[in-house]
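We call the chains A, B, C and D, going by the order they appear; numbering starts again at 1 in every chain.
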Amino acid sequence: MNYLIRRLAAFPLVLIGVSIVVFIAIRLVPGDAITAMLGTEAGLLTPQQRSSLAAYFGIDQPWPVQYWRWFTGLFSGDLGISVTYGKPVLAVILERFPLTLELALLSMLIALAIGVPAGVFAATRNERPADLGVRVAAMIGQSTPSFVVGLVLIYILSAGFGVLPTMGAFTPLWQDPLQNLGQMILPAVTLGCAFAASVTRVSRSAMLDVLSDDYVRTARAKGAPERSVIWRHALPNALVPVVTLSGIEFGYLLGGAVIVEQIYALPGLGRMVLEAILQRDYALVQGSVLFIALNFMIVNLLVDLAYVALDPRIRLEGR
Amino acid sequence: MKPILSVRDLHVSFGRAPDAKEVVHGVSFEVGVGEVLAIVGESGSGKSVTALSTNRLIDYAGGRITSGTIELLRADGTVTDIGSASTQELTKIRGAEIGVIFQEPMTSLNPVLSIGAQVEEAFRLHRGLTGRQAKAAAREALERVRIPDAERRLSATPDQLSGGMLQRVMIAMALACNPRLLIADEPTTALDVTVQAQIMALLAELRRETGMSMIFISHDIGLVAGIADRVMVMQDGHAVEQGELGQILDHPQHPYTKHLLHAVPHFSGGDAARTDTIRAQADEMRPTVAKPTLAVDDLVVRYPLKSGWLSRPFGAVHAVDGVGFDLLPGETLAIVGESGSGKSTTARAVLGLVAPTRGAFSVDAHAARPGQSRLPVQMVFQNPYASLNPRLSIEQILGEPVIAAGQRIDATVRARMTALLARVGLPQDSLARYPHQFSGGQRQRLCIARALMLNPSVVVLDEAVSALDVSVQARVLELLVDLQREYGLAYLFISHDMAVVERIAHRVAVMFAGQIVEIGEAKSVLSDPQHPYTKKLIGAVPTIARRRQHFELDTRQVPSLVRPLGFEPPPATWREYGRDHKVRAEA
Amino acid sequence: MGMVRAIFAHPSGRIGGAIVLVYVVIALFGAFGLTPHDPLMQYRIDRLHGPSPSYWMGTDLFGRDVASRLMKGVGQSFTVAFFSVAAAALSGTVLGLTAAWYGKRWDTVMMRLMDVLLAFPAILLALLVVTIIGPGTWTSVVAISIVYTPIFTRVVRGPALSLKTRDFVDAARTFGSSRFYILTRHLLLNLVAPLTVQVTLALAWALLTEAGLSFLGLGTQPPAASLGLMLSDSRNLMEQAPWLLAFPALAIMLSILGFNLLGDALRDILDPKTRRA
Amino acid sequence: AKLRMAWAQDATGLDPHKQTAFSSLRLLELIYEPLVRLDAELKIVPGIAKSWAFSADGKELTFKLDPKAKFQNGAAVTPADVKASFERILDEKTGAANRANYLSIASIETPDAETVTFKLSQPDAPILTAMTDTNSSIVPAADIAAGTIGTKAVGSGPFKLERWDPNSKEILTANKDWAGGATGVEGIEISVLPDETAILAAMRTGQIDFALLNDPLIATLVPKEPKLQLNRAPVLAYHVLQLNPARKPMNELAVRQAISCAVDRQAVLDTASLGEGKVTGPLTMPFFASDPNTLFCYKRDVEKAKKLMADAGMTGGFTATVIAATGEPPTAAAEAQVLQAQLAEIGVKLDIKMMELNVYVDTWLKGDFDMAIALNGGRPDPYTMYNRYWTKNGNLQKVSNFADDTLDALLQKGRVETDPEKRKAIFADFDKELAEKSPWVWLYTSYGYTAQQKNVQGFVPMPTGSLASLGKVTVGQ
């Protein structure tokens, strides 16, 4: 409890740090919303035209003033207006977030559903052919760039079988769950592949460690069948590293999976941030980076709390 | 009547066929119904492997029974050959017919499952109980091993219980289905003497109640004397001798058995205490030597406890509360007491590893010769494995104090290294080797050599021989005594093993809950304890002399050291017994 | 030398070591110009030729020999991966060690800072770095090392925290050993195993990240070749010239496989639990 | 039926006067209309205006509006709307992209409910062509007053914007009141599929009827699909290697010419764009364009190039950096590499520096480069297209860094001349002169690509890339 409050108290500080860094970072990159909108035609603008456009985009003030305005806005939940979307930044982000969350959850689900059993299986067959098979498969999965997986999947499905889930025209889950899942399954598999591979490796090595622990011997001495020894006694003890890994990966995924979103035309956070950067939509970049950072911190906190739930020996106070 | 277990010509190997290493070479024994067979022998002699072969748990450790038969008399009167039994059959036997208790209760219970779930499992597996019934059975099982407040403990996880408590849980689990054979593999080695006494009492009582048979494994013959009917002595994978308890203790045949009985320290109630008491000589003949090398006065160490939003302190753990003693050159003061009584904290404060909350100690540098280090106090830790950095060579390890003192490693330093190595009995080529290339006893010698590199005047030894095998222990103790004489070292020797203390201490201080309750000349304190706690402590020490002694069951809890903020203990009043022996008066 | 022998005695170390060795040889051949063709030479008439005896892995859009470019690219990719991981490992180790040792506020500040870095979208980081020092090999190195520093910091901090409480550290304190001595000899030296494993893993990931950066045009600058750049350049030619995608992809996968196997082996070899005495 | 459409890059905004991005214009021209339009031959045809005429002195341009023209909110398009729209464009505060083309407008008069008269301060032939631009669309005066231009899209075009999720999708419905008559489809649903291989995959499986393609590598795969059809139209935009004549040694005419002679334009086209396009001189519009073979050194001549280099005292060659934008155009990196290989033959060593588009634009606008690979937009009129670069007070002098009396004079002459044939002669001279002075090395024009299912009918590819003909497209079964 105490721990939770102290961790939460650190959030604003970190977020302020993030906001300052992103604010300066995005402005240090050459080009601005005007060049993003007009391209080379921006050169035709008269200084007067340019300054009125700058005022329109809210980038006419000195940086500290801009920052202060934006920062004070935060307290009333106002993250500014996105110039690309012509909408409040928060609204844009919240529109995109469900998809990103869904994609992250789905890929994690796939990863855990495949990775944990595979890792456990390999661990119980330590150094035997089945183990080697699983390990090599996992390494290949981990080492294939996701855009290669994505492109090849699309190509095989469309040119080979003439089927493809609907590209574009994304349907949210609550509008049509079936259609939505149809659209999400390929991207989730693409992301899940590499993710599952890492989960497999981590759960394998964690299981190997755990299987040589004393309490596993105790369980066997009690006459527990092998199935119960592995799934009930050993696995829960091997989950901490799996949770750590999943937490980190999940945290990354909540920031959006740019390449997969791009290939499968999903309107997720990752593409949104990339496009906001390319279009120099400062307010949107700032808002979304802040949002992503917050997510990341929340996920980290949840992972820490999950440790406690998983392993009563872990105490949070000292961490 | 048929024996419950009959093992003939058992051979066990580790590793796959070609490079298999045989560790048990043809052991045969029988365990009769209701009988306790003790297996004794030094570390690595194959005790555990033999015992774990009887229910084939050894399979999971990579071991294989290469030949021999293991016949188990089942409850229904049939005889099963364990060596050729199927996995299903073995699962039925394990837990139901053969229960096991392991050495380390802390690691042998699943840390993420509640106590209740783990005990219940035994009932679920072999009795088919479910739900509330299983829970009730688990509670009863816990009550049976005298766990107070069993209902509440069911939902606790192992980290919330003390070691002694956990060992009881282990026993409850092993006995859940009334197995007819219990294997107890060093069930008390990890525990305090007083707790050990309780566990032994419990085992003895349960055995009386149920009439089960037991294989009791230990390297402590004193302990075995209290419970066994028959004893088997193992050395290097062979059963070198077996027979009735009395016969083995009184008429050992094999040299190794004799060695076990005579060469290793056994507690003898102060009879074996050292007599070269410096203090007596100092008082009487050379008053100038009476200047202590180390004087500690009113040492207090408290760990604040914090809670709430702003981490406000609400109390403190009074780990050490007003400890005072002094130490003359060439003298050994042993601090004894059970786990958590503040022994290590005292040592760490003296070494400057923890900041004392209050108190003074002075180290007399003049008492020693020139060439003195800045820190004339050195330490030897309990665990020789953990106190040597595995990635440094011995030369680097021995050189560290020298470098820390700002000197360079030159020819004289190297010469000192070789001389010290020779002195502690290590081979000359040790300098280029790494810690993992030494045995436990050798490593502890390395630690001692390291502590001596800078001519300290005081050496603190915290459980310095506890982790060592009994016969190794004896040799290291001898070395320590020799070194003390040779260099005039003062030892602050911390241990919970009375037999060891008896061998090395000139004086003994008994700590209880952060305070010294009794201090004085070793012989006097050990043979004639005055404080009730000291009495209890000494009474709990198993000895060969007190053969088949009946241990009293005692389920009292150790007092909490947590005190409210600003709490000060009442000042101590001391009562004197004899010339150098005083006892704290109870408030 | 003992290390090399140990690696080759380990089953997966043997395979991993062999793969990495082959790559190093290939990279060296590439670096010294011992390629079948000039990797920059554009054979105009042979554009987009499939694999053949004269072009083992075919030619690209410009008629350049893919095999030769691959040999060059391996060197380039390994350079980026090696330097970025070295930089990340170095800074991560220093930060992680000091965070663990000094604890308290410094630890909190460092770990939160690492959170900030981790939480930052990598492309924004890359874009920023690129505009400050211009695109190219060293930009990738800086960008990737910034991304990996927090990971190394964490990898070091955890074990360092537990090493800090080990008896030999206490022993060192009673001798009065200097902080630097304790940090380097007692903590760092014992972190070699987890660090080595992490390094081999990070090398693998750095290869993929370099590919991602090239995908955004922030990595290796044409006409130089890196595995990642070759891969991302070939994506729209996947159907006309599948070999353009297949060979670099295989090359990346195989090298990562090599690093991973090597990492597994090193973990076994450096772990005192499994080390042969 | 609905037309399911896809493109890789989405519009970046809705203000027709400000948005110049190709991707934005493709959306806006379905919603908004200008006074006049261009047809496939780049001839001016009616838009909102039924007819138009220059006065004899060329200083007055009068439009008659189509009485049927209506905004999508039901209001008729009135001369007041036209006046307000142009005033908005001319207002410096707006930051309108096309303002520079209308500086000759002195005043706008609306004598009656159908007529708009532009009074010009000097004769200005290109102004009419400029008015065909989507950036000169007519918007409701009321919306200007309300300040909702850019947030709400209300135009007089064939489709109404129902919904826009930027970078995701647009939903357009047919405008029943469109003056052009009934549309062929009920609406258009546009998906943004950022990856063109995904667009192709979606078309293969029949999910998409019509798509815009950028990358020739993808476009050339379309004809291999039996159910698909590729439309290509030569476009006005040109691929060019811009030299910076303000920097040594490109300030030497001989060096620039040597570079021009050393470049094999056809080879660049063949490699980078798989031959999809046409080698071009500076002027890309069919009416004005000269035969490339008549231009200076359009036949590669390495010997001549080497001699020119020697003349300039640069026998040893030199090193220069060439900048290019990542993915914009998709062929940029490839062009840079081919040019690098070609120029290496005369000792010019190019270092390629790829940049993110905005960084590139920023650098480009500052003129901070030795050489740049660019895809510059073309205009139907040569003056509008080039005055920014090659007149002495052109807005982009800073980028071209090249002022030349002859070029300046020719452009001014062409601007005031209203007789098409005479203009053609003037600009032919301009074309030749520009190619010979070689401030830049013009390479080729490529095609604008659209792909469609074969049951989509009525689409007319335009050199401007315009999709305006989607108003008449039908989808068969």
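List of remarks:
Operating definition for what follows: a residue touches a chain if its C-beta (ideal position, glycine included) is under 8 Å from a C-beta of that chain, and two chains touch if they have at least 3 such contacts.
Because the structure is predicted, anything quoted here is derived from the model rather than measured.
Any chain bridging subunit A and subunit D, meaning touching each of them, is among C; the list is complete. Taking C-D and A-C together, the pair of chains sharing more C-beta contacts is A-C.
When each chain is reduced to the average of its Cα atoms, D sits farthest from subunit B. The centroid of the Cα atoms in subunit C and the matching centroid in subunit D are 44 Å apart. Inter-chain centre distance (subunit A to subunit C, centres taken as mean C-alpha positions): 22 Å. Here the spacing of subunit B and subunit D, counted between their Cα centres, is 87 Å. Rounded to a whole number, the gap between the C-alpha centres of subunit A and subunit B is 50 angstrom. Within subunit D, residues 197, 356, 359 each touch two or more of the remaining chains. The set of subunit A residues touching two or more other chains comprises 29-30, 151, 155, 159. Contacts with at least two other chains are made by no residue of subunit B.
Those chain pairs judged to touch are A-B, A-C, A-D, B-C, C-D. Listing the residues of subunit C that touch subunit B in their complex gives 166-168, 170-178, 181, 185-186, 189-190, 192, 272, 275, 277.
Interface residues of subunit A facing subunit C in the complex, by the touch rule stated above, are 10, 13-14, 17-18, 21-22, 25-26, 28-30, 127, 135-136, 139-140, 142-145, 147-148, 151-152, 155, 159, 205, 248, 251, 255-256, 258-259, 270, 273-274, 277, 285, 289, 292-293, 295-297, 300. Across the complex, subunit D meets subunit C through its residues 196-197, 215, 217-218, 220-221, 267, 270-272, 326-327, 330, 333-334, 336-338, 340-341, 351-356, 359.
If you check the complex, the residues on subunit C that touch subunit D are 40, 42, 44, 47, 61-63, 127, 130-131, 134-135, 216-218, 221-223, 233, 235-240.
Interface residues of subunit B, counted against subunit C in their complex, comprise 348, 351-353, 373-375, 377-379, 381-383, 386-392, 396, 400-401, 403-405, 436-437, 447, 450, 454.
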